[in-house]
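Structures incoming, each one as structure tokens.
Okay, so chain A shows up in both of these, paired with chain B first and chain C after.
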Partner chain A sequence: MSAPVKHADGTAGLAEAVAAATGESVFNCYQCGKCTAGCPLAEEMDLAPNQVLRLLQLGQPGMDEEVLGSLSIWLCLTCEQCSTRCPQEVDIPKITDWLRQESQRRGVANKKAKAILAFHKSFLDTIRRGGRLHEVGLITTFKLRTWRLFQDVLVAPKLLARGKLSILPHRIEGHAGVKRIFERCEAEPANPAHKGDQA
Partner chain B sequence: MRFGFFPGCSQEGSSREYQESLREVASRLGIELAEIPDWNCCGATAAHTLNHRLALALPARTLALAEQAGLDEVVVPCSACYNRLAGTRHELLHDEALRQQITDIIEMNWHGATRILNVLEWLNRVAGELPGHVSAPFGHRVACYYGCYLTRPKALAACRRIEDPIEMDELVRAVGAEPIRWAYKVECCGAGLSVSRTESVARLSERIVSDAVERGAEAIVVACPMCHTNLDLRRDAILAAAPPGGRSRLASIPVLYISQVIGLAMGVSPRPLGLHRHHVPVRLSAAPPSVAPVAPGEGEE
Partner chain C sequence: MPRIGVFICHCGENIGATVDCAAVAQAAGRLPGVVHAVDYKYMCSDPGQSLIKEAIREKRLTGVVVGACSPRMHEPTFRRACAEAGLNPFLCEMANLREHCSWVHEKGEVTTQKAIDLVRMLVEKVKRNRPLTPIRVPITKRALVLGGGIAGIQAALDIANAGHKVVLVERDPSIGGHMAQLSETFPTLDCSQCILTPRMVEVAQHPNITLYTYSELESLDGFIGNFRATIRKKARSVDESLCTGCGACIQKCAQKKIPSEFNAGLGRRTAIYVPFPQAVPNKPVIDRARCTYYKSGRCKLCEKACPTKAIRFDQEDELVTIDVGAVVVATGYDVKPTSFFPEYGYGEYKDVITGLQFERLASASGPTLGEIRRPSDNEVPKKIVFIACAGSRDPAKGIHYCSKICCMYTAKHAMLYSHKVHDGQAYVFYMDIRAGGKMYEEFVRRAVEEDHVRYVRGRVSRIYQKDGKLIVKGVDTLLNSRPVEVEADLVVLATAMTAQPDAEELAQKLKVSYDGDKFLNEAHPKLRPVEMNTAGIFVAGACQAPKDIPETVAQASGAASKVAGMFSRDELSREPVVAVVNRQPPPVWSTCVGCFLCETACAYQAIEREEIRGRDGSLIRTIAKVNESVCQGCGTCVALCRSKSIDLQGYTNEQVYAELLAL
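What follows is the complex of A and B.
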């Protein structure tokens, strides 16, 4: 990667941390806006994909924090449309995944992303327990996390009637091994290259 | 012929008809699908969103099990599982240090011997066997919907053309259907936000269903359980997101898995293909086929 990873004045910030963890330089972006034009959820975002990159490029006081606290990074569907069309081949979904994890580590995740995060955490909870997804367990945990107790109450009976829901979870034989995988992966920061770079 | 098989979690539950129809088609073609012993969840969106290392370690365990079982190629019908398994394989094969770290975490050896095939790649591989099995050509106009992970990212893409793929179109044409030209082949349905942000998913999926209907499709054909869930099970939410005038036209278009379309064309009855499990009923008129079946590759583009 020949593009620079630091700001013009030599200061390090989130842009440099992104490069160290993902190998992606935000300075490759020349702000053509193609990512935003193709992003299916851009209109619901507080920062459009190219604006996220712009704030990281500028790196002025408060900008890194604005990115990490944005709703946008949680709305990204990882549909890969932006990175596929980017003339500079900036892997925005890869950067976004790292920004989400950094946002979590710093405890600054956008409050409007609460349901999205609750869903992902509930999903992983069921995998941690049995090795495979248990949909009933996922939805129950999600409802308890979000208090959305009545969501999809009309959908569930239809699924049940069509034989699509298993009430009891399936536990794989290697579930203890899967649990150990979780413990190891969660024991240290997900991107060890980044320890101690936080301001 | 024998292929390894990774069903994925949703095909044991909410999308079980995808697995049922795939197995039905495979057995009629004389193909054995050997399930990876004790496979686990790929981690899906949740893992790559929250923990990069976990997003690699979970698929890596399954890849290592497939290798242990001596499977050279594994068919992964779900596009999202395919993305995670093939993506992990790609990432670990290109980063020796990372591979070491991940194999330490899973306490298993892995050399990258097993290749991952998505469903279109696999079906096109066996499509040569199809013509002799088509007894009831699927004579309907269909919109082939590819979604995200069959064409993206480029490094894993199973389709030659990223913006306008034709692999599924060729398959449906081979069993007598007429694939339409339309604009939403590779647009995202909203995928993993189906539960946490249903309104966003409904808004995106509404555009997909509307375009298919406006261009005269009688059915939408998919190759991914998440696409199916969002376009079929979320249809009521899609209707609520549609402009009031056009709702009734959007209500009835069914969404079929590619394996169900092929199964029907092979003369399999609807039940073993799991058609009764759909939210939007599959009521396609038994009209005489409008197009003659064409062998794959012979159809005009």
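What follows is the complex of A and C.
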């Protein structure tokens, strides 16, 4: 028996959407700050993890947009220290994951997160293609997406010499299964049962 | 010849580490009159006490000095030991070598010398001690309970059920107090009236309880076990023995728009009224200040309507005097009105109300029959703001304490609102959430997690009106102190709980102490929480400090058990440290000249006049006499007596001078 979560202006708020999509209630958070205290990236974030939840809880005009446009949701490493330690058992990475999708869907992703987003996309592209990570493919597509052509090129010969980079991609045996995973995720983007990165 | 024994205690290391106890004992042994002196590690222990007892028997001691801790700590212990060995307990004195010496000085010869001096003083005193016997005081086994709220009701019922008579005095027309006004109670949300009204009825019907409503304590004299209370029964203007409580008078009353106290000003009542339908007794009173007849001399509509002719316009206040043995003070609390807050509209905004007013809005018996409708236009508020710590924890407003119950009742209010207004949103501005108590934290979390009450951590700086809305300007300190503005339809202030406006006057009437906030003081904050500094007077409920219903009831039952414990004996025994006027053989009779300065000076009315008559009954002289059961042994009369005719037993002038001259 939960009361409806409404925006200050009466429209459904992001907190409600989070609950519907992930099953997680941001109202469980009591703002102790343990998540932020343990977050390895909190210092780099524009909004600390507990503040992301706080904005969702308060739901005043502009607060939902602030969350979706924040850099924090993209900086999250999904290391899950926050949720492991949370006394109220709020699954923050799960919420963050959904916030990334929603941010993408609305086209409001933080501009500083462009490279991170490009990396995510390039990573998924190689998985889609071969069923497993192909480093050279990942690097190439990432560089083409971001035009960071010369970044880290000097380490390439060393890695090649040690056999860490293979020029040609491998294809795994169950590639068809991987393909199906992608298809299903893309068909039902908001289904909480699927936790894949939709980028 | 005096035969004094001196016993020096090390108190473990407390004294022993700073004072050379053996040296003190040796020095004491050389004092004139001392026939026995020893030191021991723990004199209060069983073997320590045995040392004293054996010495008393073997050395035929006539006085004992124990050099140890404060007499407040162990004087009763050592006196008991002496009594067990056959020595009058008042021939035992303590030299305080701990608080007065070892604890406050560095280790050294001078410190030991001071300890020796202290012992020498007491030796000189104890030589002049005389055997005394405790004073026995009879007990009137009837209790007076002041205040008919839940605290008074609980205390009265517990004492009455223990088999003792109780007089319950309530100044309002009905018992029930604030609890009768509440809608539901945290953390179980059970209905306040449903659990209270059966108790109220029980009070009215209990054979051991005499109920005086619409009455106030006029004065209280006497002392523990023997108080005399005068109670003013205010004129109800209704003959209670004739009135059947039919209510015909109320329907006819011409005055219908008087703000109802029971509804915290949100409802209206008539001039002849019963505060609420479940009132006990369910008999009306006439509010003479508001009644048309008393104002203009005409009307008497109620008298015409009354089928039993019970209206008495000429009734007068009645003074009743009752002897009681104990008093339980349970006079309750008040809350600050909204007018106390300039920044929240100075009480001028109709839709800024107090928590108590919200209770009435949420109550099924309230002015809106339990629907949440705001006072200004009777609309259902869609956005409601609760402000905790309104006045509490605000030294600038003169209130530094936490009112303790607001966190919980605010959570309850927000919850009740959410349950009643499904499309509404509740906000709570708070500083901290203090939810210590069984199921309390869980209750607050339920308001947040299940009812999605929006808690904002920060104080509200201002409320102002704009386009029919109340703009609440606050801050969210959890978001780097970002300003938060809420356009509210109704604002509820959890205003500070304060002492009753006349608490000070009452305290002075009862001669009990009170704190800077006018809350009554318990005798000890931890170990004597229901007793007061004046023996025989006990305290229960929010007149002592802000507290919730469970705590109030617990304290009331505690006070009641103290009273019942006291009443389980037929007489009290107290220390004979009282003043006495000397008596001499004829023809002097007494050195008292009968000036009675002492009578004027005595704060306890303990000085009486005694007539000395000859064998033929002729009056020889009138002299002062101390009523030893009233005397508190303060010594004021001793200091004032011009003929040095009064002395304080146990602390006679002779004893005190001897002590000082020994230095």
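Quick note on the criterion: the second predicted complex is superposed on the first by the 165 of 199 C-alpha atoms of A that agree within 3 Å, B and C clash if a C-alpha of one lies under 4 Å from a C-alpha of the other, contacts with A are read in each partner's own complex, and residues count from 1 in each chain.
Note that contacts are C-beta pairs under 8 Å (C-beta built on N, C-alpha and C of every residue); 3 or more make two chains touch, one makes a residue touch a chain.
Quick caveat, the model's predicted, so the values are computed rather than measured.
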item	value
Touching partner for A:Leu55 - first (chain B), second (chain C), both, neither	second
First (chain B), second (chain C), both or neither touched by A:His170	first
Which superposed partner A:Ser25 touches (first chain B, second chain C, both, neither)	second
Residues of chain A touched, compared between chain B and chain C (which is higher)	B
Touched partner set for A:Lys158, first chain B, second chain C, both or neither	first
Set of chain A residues, in rising order, touched by both chain B and chain C	none
Sites on chain B touched by chain A in the complex	9-10, 12-16, 38-41, 43-54, 57-58, 61, 105-107, 148-149, 151-154, 162, 186-188, 190-193, 195-198, 200, 204, 233, 236, 276-279
Chain A to chain B touching residues, read off their complex	40-41, 44, 75, 77-81, 83-84, 97-98, 100-101, 104, 115-116, 118-121, 123-124, 127, 131-133, 135, 139, 142, 151-152, 154-155, 158-159, 162-166, 170, 172-174, 177-178, 180-182, 184-186, 190-191
Residues of chain C that touch chain A when the two form their complex	418, 422-423, 425, 445, 448-452, 454, 456-457, 476, 478-480, 484, 486
Residue ranges of chain A in contact with chain C within the complex	1-6, 8, 25, 27-28, 30-31, 50-51, 54-55, 57-60
